[in-house]
Amino acid sequence: MKVLFLNGPNLNLLGTREPEVYGRTTLADIEASVRARATELNIEIGFRQSNVEGELVSWIQEAKGQFDVIVINAAAYTHTSIALRDAISAVGIPTIEIHLSNIHAREEFRHKSLIAPVCRGQICGFGQKSYILGLESAVYVNETKK
Amino acid sequence: MKVLFLNGPNLNLLGTREPEVYGRTTLADIEASVRARATELNIEIGFRQSNVEGELVSWIQEAKGQFDVIVINAAAYTHTSIALRDAISAVGIPTIEIHLSNIHAREEFRHKSLIAPVCRGQICGFGQKSYILGLESAVYVNETKK
Amino acid sequence: MKVLFLNGPNLNLLGTREPEVYGRTTLADIEASVRARATELNIEIGFRQSNVEGELVSWIQEAKGQFDVIVINAAAYTHTSIALRDAISAVGIPTIEIHLSNIHAREEFRHKSLIAPVCRGQICGFGQKSYILGLESAVYVNETKK
Amino acid sequence: MKVLFLNGPNLNLLGTREPEVYGRTTLADIEASVRARATELNIEIGFRQSNVEGELVSWIQEAKGQFDVIVINAAAYTHTSIALRDAISAVGIPTIEIHLSNIHAREEFRHKSLIAPVCRGQICGFGQKSYILGLESAVYVNETKK
Amino acid sequence: MKVLFLNGPNLNLLGTREPEVYGRTTLADIEASVRARATELNIEIGFRQSNVEGELVSWIQEAKGQFDVIVINAAAYTHTSIALRDAISAVGIPTIEIHLSNIHAREEFRHKSLIAPVCRGQICGFGQKSYILGLESAVYVNETKK
Amino acid sequence: MKVLFLNGPNLNLLGTREPEVYGRTTLADIEASVRARATELNIEIGFRQSNVEGELVSWIQEAKGQFDVIVINAAAYTHTSIALRDAISAVGIPTIEIHLSNIHAREEFRHKSLIAPVCRGQICGFGQKSYILGLESAVYVNETKK
Amino acid sequence: MKVLFLNGPNLNLLGTREPEVYGRTTLADIEASVRARATELNIEIGFRQSNVEGELVSWIQEAKGQFDVIVINAAAYTHTSIALRDAISAVGIPTIEIHLSNIHAREEFRHKSLIAPVCRGQICGFGQKSYILGLESAVYVNETKK
Amino acid sequence: MKVLFLNGPNLNLLGTREPEVYGRTTLADIEASVRARATELNIEIGFRQSNVEGELVSWIQEAKGQFDVIVINAAAYTHTSIALRDAISAVGIPTIEIHLSNIHAREEFRHKSLIAPVCRGQICGFGQKSYILGLESAVYVNETKK
Amino acid sequence: MKVLFLNGPNLNLLGTREPEVYGRTTLADIEASVRARATELNIEIGFRQSNVEGELVSWIQEAKGQFDVIVINAAAYTHTSIALRDAISAVGIPTIEIHLSNIHAREEFRHKSLIAPVCRGQICGFGQKSYILGLESAVYVNETKK
Amino acid sequence: MKVLFLNGPNLNLLGTREPEVYGRTTLADIEASVRARATELNIEIGFRQSNVEGELVSWIQEAKGQFDVIVINAAAYTHTSIALRDAISAVGIPTIEIHLSNIHAREEFRHKSLIAPVCRGQICGFGQKSYILGLESAVYVNETKK
Amino acid sequence: MKVLFLNGPNLNLLGTREPEVYGRTTLADIEASVRARATELNIEIGFRQSNVEGELVSWIQEAKGQFDVIVINAAAYTHTSIALRDAISAVGIPTIEIHLSNIHAREEFRHKSLIAPVCRGQICGFGQKSYILGLESAVYVNETKK
Amino acid sequence: MKVLFLNGPNLNLLGTREPEVYGRTTLADIEASVRARATELNIEIGFRQSNVEGELVSWIQEAKGQFDVIVINAAAYTHTSIALRDAISAVGIPTIEIHLSNIHAREEFRHKSLIAPVCRGQICGFGQKSYILGLESAVYVNETKK
């Protein structure tokens, strides 16, 4: 089983960005903990980050036939990108939406996710733990793939 | 560590209700799987269901000093109950919101959760697995309690 | 054939409440006239009232296998209860929505019924006659059950 | 007692139009069943259909002094015609609004009826039976005319 | 003269709930101060709390003929309960709406009161003093009863 | 100088329709008073009424080259007819909008006029006097035609 | 008979302000033409202008017992002043709203008049002629005073 | 193959109406060019115009069994007529929506087409060329009829 | 202790204005009753009224260092004046908002108070008694000043 | 004559993406059919696709002086990109908006095109035929260039 | 060159009002620094403050022929005064809108400026420096006056 | 001191794009004038432009530790990019928003800036002078950095 983790804009700043909201863990720290847990579960991991909407779209497209599940933290593009939504819908790979913070407890414009309706589920609010929960839900989603 | 699972209206019908959305698993099945995983994690579990908003409010109030974390699937009351929100906010026990289905992929009126802003995080869309993920996130939430 | 009539909050006050809108007939009067007409039609009747949303939810759940059709005057909960909607949708018993007054001619917030989309039809504005029409439509609904 | 049934645009297509919504009964079939029931109740019936909003307005005007009650299925004009509303309000004949389908369970723009606030009541969702229920409610409305 | 004080959901937690908003006074403290002042004014007091919307509705119904004025702090139900509104409107007892905090200075969804239009007046923002002011306004309301 | 008065749906009922709003004057009475005043001002008058939106549209089209100014009381079509708006805009004859009642003091849906932006001015609220004022403003509009 | 003409903010600039909208006539020119026509009709005229909302409010208050009808061009305050609305409503003198330009053909925020619902009628779009029409409608309004 | 071209209100004025928007071509000119191109494509053409909504509805109904495709420029009724939408939906003939001007670049109220959701496609903004493109798309639509 | 009572536009008309809403008591009557109660409580009173928004703003500014609490009935400016809100916020004197009528039971535009979020509390609906309750709440507010 | 076809995000997936909506034709198939038709019409074609908004913007900029007309299927960016709109507006090349599916018959958020107001026209709903129609309209647009 | 600085309500309180937002500088301090910089630039300065909307309106009117540019900090009236907007538009003097704080980062109701559309530009968020920047932009605006 | 100027999509077209709005100055001209003024002020300048949202995001990230202040003209992305907002918020460098035109006087969708709430201030409407004012405000912002 192979899972692709995609990270959207500004997540490369993790650990420096508004630490009172996201903590001091870097994206590399998160990748390491995801890979550690994946090894236990015998899952192969892809892990990428981009600030460019179109690059994220292309990575989703390229995942076709390469990955069984996508776990995506689309960050700001969660709320503005129909292109990401269309990409997820087009490739047909089961996708799980995750967020570090509880987006429903932040500014009004972060409550609405444009990609949620084409994802299998949403996990938010548990910091880096959201990634581990995302990985575990990926196992479930893969087993119950329609 | 002790975790209280609260279930809102109509969840007692699980297994009979719109099976194409929720599957055929009953609430008792879910409780059993939660208890099994909790035993592995050495966590004590409370597990209750009510169709009455006020009863759910009272259970949250009574959890004070009895439970470390609440995991709540408020079902329909998710979208209409300020009383549940106030109860969660008042008792100050870290609370996690879960749903069987991906509420963001259903009717517009199910996208907005009144309790989300006072919960630590939200997990939705993974069927009964949402309960197991809720339990695992509870461990994380308890460890990072502010 | 068996039909369950459910009555929501404050309908127990009928005959005292805003008589210029609802008239002086009591809920017992209505029940009597429904039962009289049901006898003619050879229909068995259940007839209940509650001020508690969750109790109405439970009665709908318990109707499963007991009644062929539900006729519901949900009163105030018509406009605020997703829990009632989910209950009706879950049990799968054909349900008819009735109201004493013409809700579309009253305050704006009474125009929208949350349960209407899961009911077979709506009858409103005919005072206690709405109940008799509800009973007669129940016969039709039962015959054309899908 | 005399009752006028008015039918709005496209109802002349009944039996051919979206049969999964309206069934295969024609408007002539409905008229026949209405007349049959009216004979039993000793009621005289007028029964007309037009695709032209202004023609329906004129028929309502001409009903003054000719009919005791109007039963109207205004179809599409239900949601767009203030002219029909004004006509009903102007002639002062008690009017009952009916629909074949449950308009509250269809597209958002069909939930709002512009004529409802000037009608005595609304019956929808019972196919051709809506017409018979409309006739029976007309008797009630005529007896309780203010 | 007899005045019924009704308290909605979570008010039983007073003194523990968000003390920076509501202070440390318990509901029992408030009841005591209300009774003390009522004794001075020669008024008989009823004082109840419930987390269940329908129970509050029933208490309002039962107040008919038992109390001259109702003073209600409906808490969360202020903003979601049409059933309470209908109950107040149906029994016809003059009712005064009170709140501990200034609801107009809190979250947007607390600005709108569904019961305000059927109450005689609103007092909010004065902590437990709101109850004393409610009692004094009850005297005025009773004297100017229409 | 020639002025065309156009009257929309239900105005043929004037004198019978909601007399507390419109008075007991008939449309024929109004026409007579308009013609009397027009004679004094040496103006030729056309005066027509229709319940059919498309007929009003056609009359506006035919006015081209026949009339200098149109005075229109579009009644219900004021608020629903883009076709009337387009007709007025297309023929280029200066047009004045009049109403018997003060539409801004009635139901919300009567506040918005779809034809106002293509008319030279609006006069409302003066009963049949609105027609006389419309005639006098027509003189002004004709003199200041751009 | 005595009529008070009130003019709101910036109308003292008439003749210099956006002449393509209002023309080059000054407010003094308008006053002169109103007085000329009033003399013919044997009406006594008051004519005032202020940029201060509160001063206009006071003038309306002082008109009580001094004037039979008020004709008001409230200019910008038309759309923002509840104080003017309350003043008109409080003194009970029949009031007519006028505007030089057709407010319904200008910016969206000029379409809504806060004072219209408490005025007898509205005349707009006829330049200085709006004042003369206002005067003539005042005669009608005075004769039909309720 | 037979194609029916339907034209809505005011299109009979083409060539005189706001020429800066629509040009000087008359509807007869357009019909001629459509017929010329149809002859080349061996298609039989119907071509009609009406200002009456109900007449357009009737023509759509009568097209059943007579025409393979409808091309409709509903003009103003595009934005206000649910009756046209229902007619198109009822007859089941593939329908193409066309407009002379780019409706999405005009007033806000012209952006929304009520008939678009029941049409196969929309072509707008190409003047009379929109009709030729409509004809050519009709060939495609007819070939790919489901 | 010193309390300033400020009264907004049209309150000088009290006793003449819409007596069915406000009663026949004049503002002088109210001032007298406030002063009488203040004497009992050993409080010094300022009492002023203005129709000019800016004058009310200035009085609030000048209250700095002169008064301990402000009680304000801003009347129409309650709903339109950000300037009053800013003044209250700037001087930092605890302020109480009062109204004669229950603003939440009147027109929609009176439900929203722009000054409420910067006031300590709101009292409305008790006629002149609102002023006495305002005075008594001022004592409480002064004692609990932060 | 030279025409540039621009294709937005995910169109490179054509033939795999939601085939029930778009069919099985690939973007290369479409390009081939466009080039074939262009050869007949003696038009030179540019044909490009990108998932990156900014790249599409740059291509529009570079088209200046290189192409006579742009035909753009902006896909998801149609509804979110003001940058594309500004680019089209800035370069001043006549632009035609096309879509494979009828965007007005899909999700609400696809009904609004941000680029439509700066395009000459819109063609949608005809699958790959939309591209051929786009090419033919380009000829018309080029001939009628202002 | 002459520049008029106008200051709206509560700006006379500067230095005392919410110092964490505006700092401790008084309006006199600001005037001094503006005058100092103006002397360097050889510009004559007018500098006024009023709490009365109508007075600000009058000062704008009187600036005609006296000043080349107006720099206005309308404070609260920025968001509520159409009268100020009309005054600026009427006198035709180029006007620059300034604010001490960044109004777009404060409460929602401060984001919308009613005067912005008739001003040449807006500068906000730089404390007293906003005035100096306003002065410097005035030089530019004066040089590029149309 | 070092200041980074960032320019969003289509600004590379300056001098060709809608000259009636932006003038004929190119971006290179602006850069030159900014550098000239910066030399006088002894400030080091970075100056970049991109059409790609993600590239602008990356440049903001890389500015960390390299620049003291950012001055950004985000052009179209001002209104659609949460990613830019998050980047500005994350790096914590004081940022100033500038625009050539007065965005508040243009289309409705340009009035709302998504980045404004995380910027120190906004300057718009002064053409290339906006850049010089931005530079001067940067000095102020740098001196008052918190």
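Some notes on this structure:
For clarity, chains are labelled A, B, C, D, E, F, G, H, I, J, K and L in written order, and residue numbers in each chain start from 1.
The definition used in the following text is that contacts are C-beta pairs under 8 Å (C-beta built on N, C-alpha and C of every residue); 3 or more make two chains touch, one makes a residue touch a chain.
Fair warning: this is a prediction, and the values are worked out from it, not measured in the lab.
Within the contact network of the assembly, the step distance from chain A to chain H comes to 2. More than half of the residue-numbered contact pairs at C-E reappear in one of the options F-H, A-B or E-I, namely F-H.
For chain pairs A-B and F-H, the one joined by more C-beta pairs in contact is A-B.
Centre-to-centre separation of chain F and chain J, using mean CA positions: 47 Å. The distance from the centre of chain C to the centre of chain K, with each centre set as the mean of the Cα atoms, comes to 63 Å.
Residue positions of chain H with contacts to 2 or more other chains are 52-55, 80.
Applying the touch definition to all chain combinations yields A-B, A-J, A-L, B-C, B-E, C-D, C-E, D-F, D-H, E-I, F-G, F-H, G-I, G-K, H-J, I-K, J-L, K-L. Within the complex formed with chain D, the residues of chain C that make contact are 96, 102, 104-105, 111-113, 116-127, 129-130, 133, 136-137, 140-141, 144. Chain contact summary for the complex, chain I toward chain K: residues 52-55, 57-58, 61, 64, 80-83, 85-87, 89-91, 114. Interface residues of chain J facing chain A in the complex, by the touch rule stated above, are 8-10, 12-13, 16-18, 50-55, 75-77, 79-80, 109-110.
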